[in-house]
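Shared between the two complexes below is chain A, which has chain B as its partner in the first and chain C in the second.
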Partner chain A sequence: MEKLLEKALAGDIRSIARIISLIENDTPEKDELLKRIYPLSGRAMVLGITGSPGAGKSTLTDKVIESFRRRGKKVAVIAVDPSSPFSGGAILADRIRMQRHTGDPGVYIRSMGTRGSLGGLSRGAKESLILLDACGYDVIIIETVGVGQSEVDIIKIADTVCVVLVPGMGDDIQIMKAGIMEIANVFAINKADKPGVDRVAAEVRLMLDLVKDRSWTPPVHLTVAEDGTGVEELVDSLVAHGVFLKENPDGVRREWRRLAFEVEAVLLQSLTRLAEREWSAHRTDEVMNLLLSRRTNPYAVAEDVLRKILPCDRADRGATEEEDSPDVAANDG
Partner chain B sequence: MEKLLEKALAGDIRSIARIISLIENDTPEKDELLKRIYPLSGRAMVLGITGSPGAGKSTLTDKVIESFRRRGKKVAVIAVDPSSPFSGGAILADRIRMQRHTGDPGVYIRSMGTRGSLGGLSRGAKESLILLDACGYDVIIIETVGVGQSEVDIIKIADTVCVVLVPGMGDDIQIMKAGIMEIANVFAINKADKPGVDRVAAEVRLMLDLVKDRSWTPPVHLTVAEDGTGVEELVDSLVAHGVFLKENPDGVRREWRRLAFEVEAVLLQSLTRLAEREWSAHRTDEVMNLLLSRRTNPYAVAEDVLRKILPCDRADRGATEEEDSPDVAANDG
Partner chain C sequence: MNERKIRVVVAKPGLDGHDRGAKIIARALRDAGSEVIYTGLRQTPEQIVDTVIQEDADAVGISILSGAHTFYFNRIIELLRERGAGDVIIFGGGVIPDSDIPALLEAGAGAIFGPGTPTSVCVKWLEEAVAKKRAEE
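Let's turn to the complex of A and B:
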């Protein structure tokens, strides 16, 4: 492990990949490792690229990688795919367009699932980012699909978020937009050679106008990822936002919020592990039959398990916030 | 509260709405209430309708409501929207097409956000469902937007999941499909009057063919929600799947899995409340400054908080799975 970490920190891609697998598999050594490399992280620019399916994010990411490479930066990409709910594994996308960077030692690309009970972006993505940062990647791109929790979670781990929109997105754009407005630092309206681009751009600018007193107004770029149109200007804006964060009090506030989120996420991960372990020990055929026959209910069973995890006073008062003694289910001794 | 519940159970819509608000706001009385109404639930058919933005889910849901009304069923709809990450509130969609049912006492429609640290579908959606079930709705429809965690989570609360696809969904359909195949019980290919419908249908059937030994093969329906084409046949399949679940061992296994998920979700909710409370008590300026200056790290701080929550032996061994004593951070006394 010691040797593996040493090689990874020296830039060996195979060692980096092996450590990321350890992180993804949530092996017990992981926590100690992350505590050790944490002080080495904090230099990289972490960039989120998100948007709805079909927006052309992979092609755009490919062109963004190219631009950063020309600027002499080492780039890592974590492409987050929705996980399969049962197998727990990532659905490997054929991200063909990014494959052409495979021969370039300055580019590392990794696909990752969104597994984990906590939903949204996996802890694995966040923790891999700490490793890649410590291993000397200058720019780390997190690419996420979807308009769900992963899009919302991206601000918890990225410094700069680029939201990719496209002309003709249908009725749901209204639903998405209010959320997007709160997370986007830079907009890319991709496929800008398609009809309807002016309408989307106008809608975005209208929403941006509604927000007063911003210290950073998200620029709106029109791009055609296929032929690279507008990509340089987009990357300029991404870099400019990074500079802004370093110089502005907003940047510190953002870092504060992110660290607070991060502690909570680590805490929840530990508690989740514990809950899963205790519940699977408690989940006997007898308990499940009582649940199936509705002779007990999930609330009563969860209370029983909680009582095993926590000191008695907390199980009764703390976690449920009830002052009176809870109704003890008859199914547990 | 007693009176409110009585009126809700008698079918009073305003009382139902008020209780759902109590549930959404995670008020302390909630747990007790849910434990009480739980035995009254379990009769409703819970139907999930999901698919990517722009697939026409709202229009299709509207037509599905209409069909169930003609069949004499009371219908409730929980429309889950992505939440704003900061305000915590739901982004209210103007679900205009469903509004026309407002005058019908046999239809209850409620918008809900995906707030909550656990991501994906909120606990509020699940718990409201228990209430609506107890209050006598025959069919409860959960409509979710997106291809993220909420789509994956829907199988944890719905009996029957209808996945809505459309022609021309772009490159990301491949990414989505493997996940969708595992959750879909019925497919609706909507906007079936648009070009490309045959290709989508063929792709879905091809994926279905790869799975052997199914006791239920998801039917694929072509629909045009705008004019109601194919909706009756779709609803027939949804009803047929409900009957299948009652008669087949797969149905019992599904219910088993769902109850196991449900206990874990309740447990995590309690632990999350506790973690949030302890962390906000522990989150002093001093601790945050140590984090910001990188003199400590989120892993060490989370361990400190964990030690306050759990009995000592668990904080050291249980939650982190380390046998040796962890590296105590210097920032906490």
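Let's turn to the complex of A and C:
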């Protein structure tokens, strides 16, 4: 492990890839490893690219990589595709659009399945970026799965979020809705050579106009990822947002929020492990039959399991507080 | 600890543009619980080997219908060894004459599956090969 880490930090791709697998597989030595590399991280710009399936995220990512390479940056990409809820398998095919960058030693691309995570990311993605950051990649791009309206986990790990929209996906009410529309720091309206693009752009700008008093207004860019139109300007905005975060007090506030999310994520993961272990010990045919015949209920069973993990008087409170969802502030940089 | 998934790259080297077979095997492996990284068409051996290494794949499946299988298999095996990834399992399929198969196996390919092979045979073979490789780690 020590040797592997040493080689990874020296830039050996196979070692980096190996360690990412260890992180993804949640091996027992993972926490220790992350503790060690954490102090070396914190230099990279972490960029999230999200949007609906087929919006052109991978093609756009390909062009964004190209632009950052021209600017002399080393780029790592984590591209997440959905895992099957049935077999657990996955087809990871985002990199098809980025294959021309393989062979460039300044680009590392890794595909991941969601492996049961909701929210458009995988747990492995969140933790792998600490390693990639420590290994000296200047820009880390996380491409989420094709998302719907509310998979917004990307704001918990990215400094800058680019939401990719396309024409023809619905009317202005869709744009008014809460969720993904609120998390963008930069908008890319892709496939801008298709009809309807002006309307989408106008509706997004109108939505943005309605929010007053904010230090960063998300720029709206029209792009054609296929031929690279508008990508330079888009990347300029992404970089500008990075500068804004460093210079503005809102940036620190955002960083606090992100770090709090990180602690929460680790806490939840540890608690989940505990809960899963206790529950699998508790889960007998007898309990399942009681549940099936409705002589007991999931709430009571969960409480019993919780009592084994927590001191008695804490169990009831824990049961009601666990589902607390984190507060997602809108467009505040 | 999560169950350790089989990660397999499915690749199409060279100029033939027919990837129905590659897609069918990718789909079968997915349904068997593997994570399949598909490279898309017209890849060079260098691109395929870079992909295998970046993705930390256990195995790479190569689909060739162009007749250039001997060149591509040999080159990919050679590159993997050069890059310290000689332990990666290599298998393949496509239009490959029976008479060419022994030389490919001799060079280091684990298995060659011809047209008409049930996908379950490939899946089972790969699962066993990966289990054996991991046992040796």
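Criterion: the second predicted complex is superposed on the first by the 287 of 333 C-alpha atoms of A that agree within 3 Å, B and C clash if a C-alpha of one lies under 4 Å from a C-alpha of the other, contacts with A are read in each partner's own complex, and residues count from 1 in each chain.
As a working rule, a residue touches a chain if its C-beta (ideal position, glycine included) is under 8 Å from a C-beta of that chain, and two chains touch if they have at least 3 such contacts.
None of the values given here were measured: they were computed from a predicted structure.
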**OP:** Look at A:D193 in the shared chain and tell me whether it touches chain B only, chain C only, both, or neither; answer first, second, both or neither.
**Re:** neither
**OP:** Check the residue A:P298 against both partner chains and state whether it touches chain B (first), chain C (second), both, or neither.
**Re:** first
**OP:** Please work out whether A:E286 is in contact with chain B alone, chain C alone, both, or neither, and reply first, second, both or neither.
**Re:** neither
**OP:** Could you look at A:E6 and tell me whether it touches chain B, chain C, both or neither (first, second, both, neither)?
**Re:** neither
Original post:
With the two structures laid over each other on chain A, which partner does A:P28 touch: chain B (first), chain C (second), both, or neither?
Top reply: both
**OP:** Look at A:R110 in the shared chain and tell me whether it touches chain B only, chain C only, both, or neither; answer first, second, both or neither.
**Re:** second
Original post:
Looking at chain A, does chain C or chain B touch more of its residues?
Top reply: B
**OP:** Go through the superposed model and pick first if A:A17 touches only chain B, second if only chain C, both, or neither.
**Re:** second
Original post:
A:G42 contacts which: chain B (first), chain C (second), both, neither?
Top reply: first
**OP:** Once the structures are superposed on A, label A:D227 by its partner contacts, choosing first (chain B), second (chain C), both or neither.
**Re:** neither
**OP:** Could you tell me which stretches of chain A are touched by chain B in one complex and by chain C in the other?
**Re:** 28, 83-84, 87, 91, 93
**OP:** Would you mind writing out the residues of chain C in touch with chain A in their complex?
**Re:** 1-5, 7, 26-27, 29-40, 43, 46-47, 50-51, 53-56, 83-85
Subject >> Parts of chain B lying in touch with chain A, wherever the complex brings them together >> reply: 28, 31-32, 34-35, 38-39, 42, 52-56, 58, 81-87, 91, 93-94, 114, 117-120, 145-153, 155, 169-176, 178-179, 182-183, 252, 255-256, 259-260, 262-268, 270-277, 279, 283, 288, 291-292, 294, 297-302, 305-306, 309-311, 314, 318-322, 327
Original post:
Quick one: in the complex, what on chain A touches chain C?
Top reply: 13-14, 17-18, 20-21, 24-28, 83-84, 87-93, 95-96, 99, 102-103, 108-111, 113, 115
